[in-house]
Amino acid sequence: MLGRLSFPQPWLSLLLFSIWQLLADGVGGGSVVVGLILAWGIPQLTQSFWPERPAVFKAWRLPGYLLLVLWDIVIASFEVAWLIISPRRPEPMFISYPLQLDCPQAIAILASTISLTPGTVTADISDDHKILLIHALDTRTAEEVIEAIHNRYEKPLMEMFQ
Amino acid sequence: MTHWLLAPILIPLLGAILQIFVGYAPMPLRRVLAIITSALTLAAAIVLLNLAGDDTYRVYAMGNWQPPFGIVMVLDRLAAMMLVLTASLALLCHLFAIGGTDEGTRQFHSLFLFQLMGLNIAFLTGDLFNLFVAFEILLIASYGLLMHGSGSTRSTPGLHYVVLNLVGSSLFLISVGMIYSVTGTLNMADLAVKVPLVSGDQRFLVEAGGMLLLVVFALKAAVLPLTFWLPRAYASATAPVAAFFAIMTKVGIYGIIRVYPLVFGANAGEMANLGMNWLFPLALATLIMGVIGVMGAQTLRTLVTWQLVISVGTLLAPIALGSQKGLAAALFYLLSTTWTVGGLFLLIELVRSQRGSASDKIVMAPQIRHRTLLSSLFFFGAVSAAGLPPLSGFFGKLMILQSTTSGVEMAWLWGTILTGSFFTLIAYSRAGSVVFWRNIEGEIKNSTPVTPLLALSTGALIGMSVLMVALAGPISAYTSATAAQLLDTRGYIQTLQAPMVEEGS
Amino acid sequence: MNLFIEYIIAALLLLGAVFTLVGAIGLAVLPDFFTRLHGPTKATTVGVGAMALASMIWFANQPMGTGFVEILIMVFLLLTAPPSANMMAKAAMHMEVPKVGNTRGDPWGQ
Amino acid sequence: MIAIVLKISIALVVIAALLNVYRLIVGPHAPDRVLAIDTLAINAIALIILLGITLNTRMYLEAALLIAVMGFVSTVAMAKYLKRGSVIE
Amino acid sequence: MELVFALAIGALTAGGVYLLLRARTFPVVLGLTMLSYGVNLFLFASGRLATGSQPVLGTAAQYADPLPQALVLTAIVIGFAMTAFVVVLSLRNLADHGDDHVDGDPKKRTPTSKHARERRPL
Amino acid sequence: MSLPLVVLLPFLGAMAAPLFAQGGRTAIAIASTVPALIALAALFPHWQTLADGGVVLYTYEWLPALGLSLSFRLDGLSLLFALLILVIGILIILYARYYLKPEENIGKFYGLLLCFMGSMLGIVLSSNLLLMMIFWEITSLVSFLLISFWTHKKGARRGARMALTVTGGGGLALLAGILIIGQIVGSYELDDVLAAGPIIKAHALYPVALTLVLLGAFTKSAQFPFHFWLPHAMQAPTPVSAYLHSATMVKAGIFLLARLYPALAGTEQWFYMVSFTGMATLLLGAYIAMFKHDLKGLLANSTISHLGLIVLLLGMGTELATVAALFHVINHATFKASLFMAAGIIDHETGTRDMRRINGLWRFMPHTATLAMVAAASMAGVPLLNGFLSKEMFFAESLALNLPGYWAWLPPIVATLAGIFAVAYSARFIHDVFFNGKPINLPIYPPHEPPRYMKIPVEILVFACLMVGMFPTISVGPLLYAASSATLGVPAPDYKLAVMHGLNLPLFMSFLAFFGGLLMYSQRKRFFAFHDRFREIDEKAIFEKVVFSLGLRANRFTAATENGSLQRYVMLLIVSALAVAFLPISEMGLFIGSNGLTPVDWPTATLGAVLIASALATAAMHRERFFALVLISVVGLLTALTFVRFSAPDLTMTQLSVEVVTVVLLMLALYYMPSWTPVESSRGRRVRDMGIALLAGSGMTIITLAILTQPFSSISEFFLANSKTGGGGNNVVNVILVDFRGFDTLGEISVLAIAALGIFAMLKNTTLTPPPGDGLGHAWARQSHPTMLKQIARPMLPMALMVSAFIFLRGHNLPGGGFIAGLITAVALILQYIASGFSWTEDRIAMRYHNMIALGLLFAVMTGAGSLAFGYPFLTSTFGYITWPVVGKFELASALVFDLGVYLAVVGATLMMLVSVGRISPHSAIRAIPSESSHDADTTTLTQRETE
C-alpha cells in the first residue's frame, strides 16, 4: 500500500507540478496544494501507460540540452525562412542516419530535435531502431548533416541515457 | 412543490444507470430489476394522474430557479395522461421483451429505460429547449433500440430514420433560435405571454419559427409528406420495440397539442392558430396514405405500421380544427390507438414465431399453433384498429366525427375517416383470413411456443381497448377536462408565478 | 506600460507574424511535399512561439496579472510538431508522393 | 503602437492562413492537405493569441492551448489513415 | 459584420443540404455535420453578436448573451453524439449490405455517368 | 332492469357456452337455450303495457358527452323482432345440436350464435341510435365469423369477407347518417329523434342523412345493388343461414327502416329511393332464384326477393303497406327459416345441395318432404298459409299506389311478375327435390329421415305457418297491431286479417301468379336455356379481383412513394420546411433591423470568406472523401474561430475538442468505406438539389440577418445578475450549464451515454472487411505503431490530463468545465489508442467505459438529488467558501460534483464510441473482446486489468 503513496515517476511529477503552476498562473497556496495532489495522482493513473522507461536517465542534463535545442530552433527558423524567401531552389536530400542510441525514448527525442532544427525533418525511424531517415531541405552532402547531428545532439543524449 | 414530478424521470434514469452497472450480471437479475423499474414508473405515473385530476397545474422548478429562468416541469392533465399511457405501454412491452427479445445485447434494458425517461421528460417539461433535449434523449435511445436484434434488414431503414430525425433536430434548433431571438425566452408559459406581444417585422420571424417547429413535430408524428421514414423502420424493429414506438409518433402529436394551443392559440393575436390550416388537409392526406399503405401491405407488420400512419392522420385532423370537443376526442383516440397498435405489434411477433419461413407475410402457410388464441387477439386488435364497435377505437372515431360541426371540414373529415375505416376493414379481413384461416398441408418446424408471459402482455395491451370501453365514461370525462384545460391557457401562464422554496423553509 | 517593453512586444509580434507568414509561404511555394514539410514545423512553430511570448509579456504588464499558459502552448507545439511531421512524412513516403527532381537519396516506406 | 503592430500582425497571419488554404485546395496530394490543415490550426493559435492581446483578455488563451494539445491528434489520425488505413487497431 | 456572419450560415446550410441530398452515407454524414455547424452558429446568433464581451463576470465591460452559448454548447455535444451514431450506423449498413448507398433500392439506381469511373488522387 | 338483461343474457351465455363444449353437443345446446329462454320469459311481463300502446323504457347514462346512453326501449316493433330473434334462435340452437358434427368446434359455434343473438336483440331493443349502431356492427362482425365457421373452405372465407365488407361498409354509412341525424336533432335518443321527424325532413342535410341511412339498411338487408353478398354467405353452416341470413340479421335493415319510419319516411326521396330499390330487388331476387341449382342458393335469392318485397312495402309509405310489411316479416321468417332447416336436413342426409342431383326424396323422407312442401307453398303464396295473406296485402297495396300516369301500372305488374317467379321457384323446390325421378349420384345413399328432434324446429315453424295462415287474427293479430302502431308512431289503421277478402283484384293477381308460376315451371327448360345464354356472374370472383387489384395498386403506389430513398425523404423534409417558412419570410423580405449593420473588419471578413468557400468546397468536392473530410475540418476550425471572435470562449473549446474527436471518428469510419463516391445522380437532379440548397441557404441568411440587426432583450439578464450570487460562479455559461439549466445538461450527458451504449451494441458482432488499400494502388502499410508517435504519446497523456484537470477545475469561474475537460482526457487516451494500439491501451484503462458512464450519470443525478434531502428541488446547487490554513480561500460548489459527473460520462462515452469502432478493425480482433454474447457474468475481464 505504501508503494501506492509514493511518486512512481518523480520526474514526471515534478514536470506536472510545474505545469500546474504555469496553468494556475502563478504559485499560490491553493495552486501548490492542488498541484501536489495532481502531480501525485496523475502519474498513479498513467504510469502503466509508460512502461518502458530508460534504465538510466540523467535528468539534470536535460535543461542544458533543451536550451541548446531551443536556440537551434530559433536559428533554424531563420535559416529556413531565408531559404523559403530566397529565390534559390533548395537542394533537398534524403539521408539515412545510422543511430547509435538504442533507448527508444532517446531516439524519439533525437528525432524530435532533428525535426525542429535546421533544415531537417525526421521522416522515419526504421523498425529495428537502427536508422533514421532524415529529409534535409537544403544540403550538399549527407555526411555533413550526419556529422552535425551526431556531435550536436546524439552525443549529449547518449550521455544522458547511458 | 411536490417531488413526485421527478419520479417518472428519475426512476427510469436510475434504473437505466443500474442496468449499465449490472450489465454483466446474470440475466434473471437484470430482468427483474428492469421490470421493477418499469413498474415503479407506472406507479409514479398513476400517482401523478391522481394529482393532475384536480385541474391545477403543478410546477417543479429544477434547481429551485424561478421560471422562466430555470427549467420547470409542469404537470397537468395532458402530461399525466401521456405519462400513464407511456408507462403502461412500456411496462407491457417490457414484459414481452423479457420473454426473450431482450437477449442479444446487454444494452437493451438500459436503452429501453432511457427512452422511457426521455419520453417522460418530453411530456413533463415546460421549456422549449428542454423539450429539444428530451426529444434527443428519446430519439437516440430509439435509434439504439431500433438497431437492437440481429439481422441485416434494419440498418438501412434505421439509417433513414436517424438521418431524417437529425435533420429534424436541426430544424428544431433553428426554430428555437428564431423564437428565442425575438422573445428572448424559452419557457413555454413565458412564450405564451410574449408571443402575442410580438409585432411588426419581428412577427414574421416568430411565425416562421413556429411553422418550422410544426414541421419538426409533423416529422416526429409522420405526417404526410414526412411519413415515409416510418413504415420500414417500424417494420424492421423487434416487436417490443416497435410496439413501444407506437408512442413515438404520439410524441410529435403531443408536441403540437402542447405548444400550439398554448403559444400560438386563440390568444396569439396575429399569429393565432398558426399553421393549423396547413395541418388539416395534410392530416387527411396522411390518413389516406395510411389507408393505401394498409391496403397494399404484404406483411402484417407493414399493415400495422401503416395503421399507425392512419391513426396519426385521424388524430391530427380534429386537433387541427381546434375545437375543444375535437381535442378531447383526439386524446381519447390517442389512448386507444396507441395501446391497440402496440398490442398488434406484439401479437404479430407471436404469429411470426409460429409461422416459420412464412413469417408474417400475408400468404398461405400451414396451420399455426395457438391459432384460436392468436386469431382471436388479432380479431380484437383489428376491430379496435379499424374503429369498429364495440371496442375503443370505435368510440374514439365516433367522438372525432361528432366533434366537427357541419361545413366543408366535416364533409372531408367524415368522408375520409369513414372511407378509411371501410378500406381498413377490407385489408384486415383479408390479412386475418389469409394468415389464420388459409392453411396448407404441412407442419411448421422450429416454431417457438407462446409462453404465458408473452400472451399475457400481448393480451393485456389489446385488452386495453375493452377496458377503455368499460371505463369510457371516466376516460372521456378526463379527456374533455384535459381539452378544456389545454384551451384555457391562463392556468398554464400562472405557472410563471409558482413559488420557489425559500431559504430555510 | 514601459515603452521598452512595448517595443519588445511589438518586435516579437512582428517577428512572429512574419515567421508565420514565411512558413505559410514555404508551404505554398516550395516544390514538393517533403520540402513543404519544413516550413510549418519550424517557421510557424517559432512564429507562434514569438507571439505567445509577446502575449505573456503583454499580460504581465496588465493589471489582470501574469499568466504562463503561453509557455504551455509553446511546449505542446514543440512536443507535437515532430511526431506530426513524422507521421505525415511516413504517409507521404508510403503513398509515394513525388519528390522534386533534384532530391538526392530515396525515401522508404515501411 | 502596439495596436498598429497588432493589426499588421493579424493581417500577416490572415495572409498566411490564406496561403495555407491555397495549399489545402491545390493539394496536389493528400499529405499536402493534411500538412496545410495542421499549419492552419497553428495559425489559428496565432490568431487567438493576437485577438487576446487586441481585446486585452486572457479568456481565449485556453482555446489556443487546446489546439496545441489536441490539434495534432487529428493530424496524426489523418496521416495514419493515409498510411495504414486503420487508425485505431 | 452581420452580413458576413449571415452569409457564412447560409453557406453552411446550403452546403449541408446539398450534401444531405447525395446518395451515399458518407456525404450525408458530412452534410449533417456541416448543417449542425450552421445551426449552431445560427442558434448562437439568436443572442446577437458581440466582440470581446465574453460572459465571464468581471472580465468585460458588457457581456454577450450567455444563454444561447449554453444552448449551443449543449447542441454541439448532442450533435456530436448523433453524428457518431450515424457514422457507426452507416458502418453497420455497409457491413450489412456491402455498400454505402442509401438512395433507394440499389438495384434501381440511376445509371452512373462516365464520371463515375474517372479517378483522381485523394 | 329486465331490458338490458334481455340483451345481456345471450352475451353472458356466449361466454359460458364454450365451457360446456366439453360436455358434448346436448349439454352445450341446453346451456345455450337457457339464456334465451330466460330472456324470452323476461319479455312477457311487458306484454300488457305494449298491447295498450305503451312503451317500456330503460335508460342509463354512459357517455353523455357522446350522446351515447345505455337506453333500451321495448315497444310493439321491437317486441315483434325480439320474439322472432329469440324463438327462432331457440329453434336454431336445437336444430344445430343435430346439424353439427361432434368433432366440430361447437364451443365457438354456440358462443358466436349467442353473441349474435345478443347483438341482434341489442339492435331491436336499443333506444339510442348510437347504441344501436354498436350492436349493428357487432352483428356484421359475428356474421363474418359465423359465415367463415368452416375456415378451411375457400368459399366460406371469401363469402365471409364479402359479407363483412358490404355490411360493415354499409354500417359505416349508417353511422354517418345517424350522426347527421343526431346533429340535426341534438340527441340520439329514439324518442327525441322520432319526435323530430318534421325537423329532420326539413333540414338541408336530410337527403344526405337519408341516403346514408338507407345505404346502411340496404346493405344489411341485401337490397339491390348490394344483394350479391347474401347468396355467398350461404357458405355458412345451415343453422347460420337460417338464422342470420333469412330470419333475423337481414331483417335488421328492414327493422331500421321501420324504426326510423316516423323520422324519415313520407317524403318523395324516401318513396323513390326505398320503393324502387325494393322493386328492383324483388324482381331480381326472384328471377335469379329460379335459376339456382343450389338448394340454398335458391332460398337465398328468394330471401333477397322477399326482402325486396318488404322494402318496397315500406317504401310505399302508406300505413297499410307498413302493416303488410311487418306481417310479411313474420311470415317470411317462419317459412324461410323452416325451408332452410329442411334444406339443411337434405344436405345433411344426402351430402349435396345440388338440385340436379337431388330428386325424388319423397320416397326416402316423406316426413321432411311434407314439412318442406308446406313451407314452400307458403313461400309461393298458397292460400291458407301465412305467405298468402301478406302477399295478398302486398298486391292490394301495389294497386293502391298512386303513381302518375302509366307509372301507376308498374307496381302491380312488378308484383305479379315477382309472384309468378316465386311460385315457379317454389314449385321447383318441391318438384325437383322430392319428385322428378330418382336421385342421381348422391354422396350419401340412401338418404334417411333425420333424427327425430332435428325435425321438431321445422315442425314448429311449419305449424306456425299454418296457424297464422288460417287464424291470423288470433295468432298474430295483437302483436302485429302493436308493432304497426309502434312503427307508425300513431295507432295502426283499420285492417282485417282474414283468410279471404272476397273476389277482388288482389285475389286475381294471386291466381295469375299461381298459374303463371306453374306454367313457367313447366316450361322451365326454355327459361333455363334462355338464362344460360348469359354468363353467370360470380360476384365473389369479381370481389376478390377488385380487392386484389386494389391491393396491388395500393402496393405499387406505396412502393413508388415510400421507395426507400433517403434522399427523397430528406428532400421532402427540407422542402416542407422551406415551404412553410417561405410565406412569413417572403412577407418580411430582406430585412435589416433597427440596430443596423456593424462595420466589417477585413480579417474577419476574409476568414468568413474562407469559411464560406470551404463549406461550398466541401459540398463540391464531396466525392473525394478524404479531401472533403479535410475541408470540413477547416470549416470546423473556422467555426471555432468564429466563436472566439464573437465572445464565446467555452464554445470555442467545445467546438475544437469535438472537432478532433469527430475527425478521428470519421477517419475510423472512412477506413472501411470506399474512398471515392461515384457520380450517381443525374445532372438534372444535381441542379435541383443545388436549387434546394441555395434556397435553404439564402433563407437562413435572410433570417440571420434579420435576427442580428434586431434589438433584443432576454431572460439572460437574470443569469448575469445571479450567476455569482446564486450559482457561485463567474463563468455564466458554465453556471447555466451546471446550475440554471443543469437539467438540460443531465439530459445531454444521457444522450452521450445512450449514444455510446447504442454504438457499442450496434457494432457487436459486426465484421467489416476493409478495402486492401487506399484505392490508389497502395496497399496499407504494415507498420502499425510508429516509434516516434508512441514515444511522444507517453508523456502527452499525463500532461494532457493535467490540462484537463485545469480546464475542469476552473470551469465554474473561467471558460472550461466538465465537458471540455472530459473531451481533452478522451482525446489524450485516444492518442494512446492510435499510437500504441487497441489492446495495449485497453489493458491499461482501469475502468470499464460502461461503468465510467454509469458512474458519471450517477454522480450527476446524486448531486442533483442531494438537494432533495434539504427540502430543495432536484438539482438545486449550493456553494460555499472555505478558508484553509496556508491554502487560502477555497470555493466548494456542489455544481463541481455535478460537473465531475459530466466529465466522467463524457470521457466514458466518447471513448466507448471510438473504441467500439476501433474494435471492429481486423487487427484489433486478435485480442478476445469481453464476450458480449454470453449471458453469464463475465467477471474475469473486470479483475483482469493489468496495473503493471
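Each chain carries a letter (A, B, C, D, E and F) given by its place in the written order, and its residues are counted from 1.
Just so it is clear, contacts are C-beta pairs under 8 Å (C-beta built on N, C-alpha and C of every residue); 3 or more make two chains touch, one makes a residue touch a chain.
Since the model is a prediction, treat every value here as computed from it, not as a measurement.
Trainee: Chains in contact with chain A and with chain D: which ones?
Mentor: Touching chain A and chain D alike, sorted by label: C, F.
Trainee: What is the set of chains touching both chain D and chain F?
Mentor: The shared contacts of chain D and chain F, listed by label, come to C, E.
Trainee: Among the chains, which is located farthest from chain A on the basis of C-alpha centroids?
Mentor: Following the centroid criterion, the farthest chain would be F.
Trainee: Using CA atoms only, can you tell me which chain is the most central one in this structure?
Mentor: Central by C-alpha mean position: chain B.
Trainee: What is the distance, in whole Å, between the centres of chain B and chain C, each centre taken as the mean of its C-alpha atoms?
Mentor: 57
Trainee: I'd like the Å distance between the centres of chain D and chain E, where a centre is the mean of that chain's Cα atoms.
Mentor: About 21 Å, centre to centre.
Trainee: Centroid from C-alpha atoms only, then distance chain B to chain E, rounded to Å. What do you get?
Mentor: Result: the chain centres lie 29 Å from each other.
Trainee: How many angstrom lie between the centres of chain A and chain C, each centre taken as the mean Cα position?
Mentor: Inter-chain centre distance comes to 16 Å.
Trainee: Identify all positions of chain F at which a residue touches two or more other chains, and write them in rising order.
Mentor: 564, 566, 568, 570, 574, 626-627, 629, 645, 649, 670, 700, 703, 707, 712, 714-716, 719, 740-741, 744, 748, 751, 754-755, 758, 762, 774, 776, 781, 783, 786, 788-789, 792, 795, 799, 803, 814-815, 917
Trainee: Where does chain B touch two or more other chains at once, residue-wise?
Mentor: Correct list: 129, 133, 136, 140, 143-144, 147, 156, 159-160, 163, 167, 174, 177-178, 180-181, 186.
Trainee: Of all the residues in chain E, which ones touch at least 2 other chains?
Mentor: As it turns out, chain E has residues touching two or more other chains at 20, 25, 28, 40, 42, 45-47, 51-52, 54, 56, 59-60, 67, 71, 74, 78-79, 81-82, 85, 89-90, 92, 95, 102, 121-122.
Trainee: Which pairs of chains touch each other in this structure?
Mentor: Listed by label, chains in contact pair as A-C, A-F, B-E, B-F, C-D, C-F, D-E, D-F, E-F.
Trainee: Could you please specify the touching residues of chain C with respect to chain A in the complex?
Mentor: 18-19, 22-23, 25-26, 29-32, 34-35, 37-39, 41-43, 45-47, 65-69, 71-72, 78-79, 81-83, 85-86, 89-90, 93, 99-100, 102-108, 110
Trainee: Can you list the residues on chain A that touch chain F in the complex?
Mentor: 12, 15-16, 19-20, 23-24, 28-30, 32-34, 38, 42-43, 45-51, 104-105, 107-109, 111-112, 122, 125, 127, 129
Trainee: For the complex, give me every residue of chain C touching chain D.
Mentor: 6, 9-10, 13-14, 16-18, 20-21, 23-25, 27-28, 33, 36-37, 39-40, 44-45, 47-48, 51-52, 54-55, 58-59, 62, 64, 67, 69-70, 72-73, 76-77, 80-81, 83-84, 87-92, 94-95, 97
Trainee: So in the complex, the part of chain E that touches chain D is made up of which residues?
Mentor: 51-52, 54, 56, 59-60, 121-122
Trainee: Okay, in this complex, where on chain F does chain C touch?
Mentor: 774, 776, 778, 781-783, 786, 788-789, 792-793, 795-796, 799, 803
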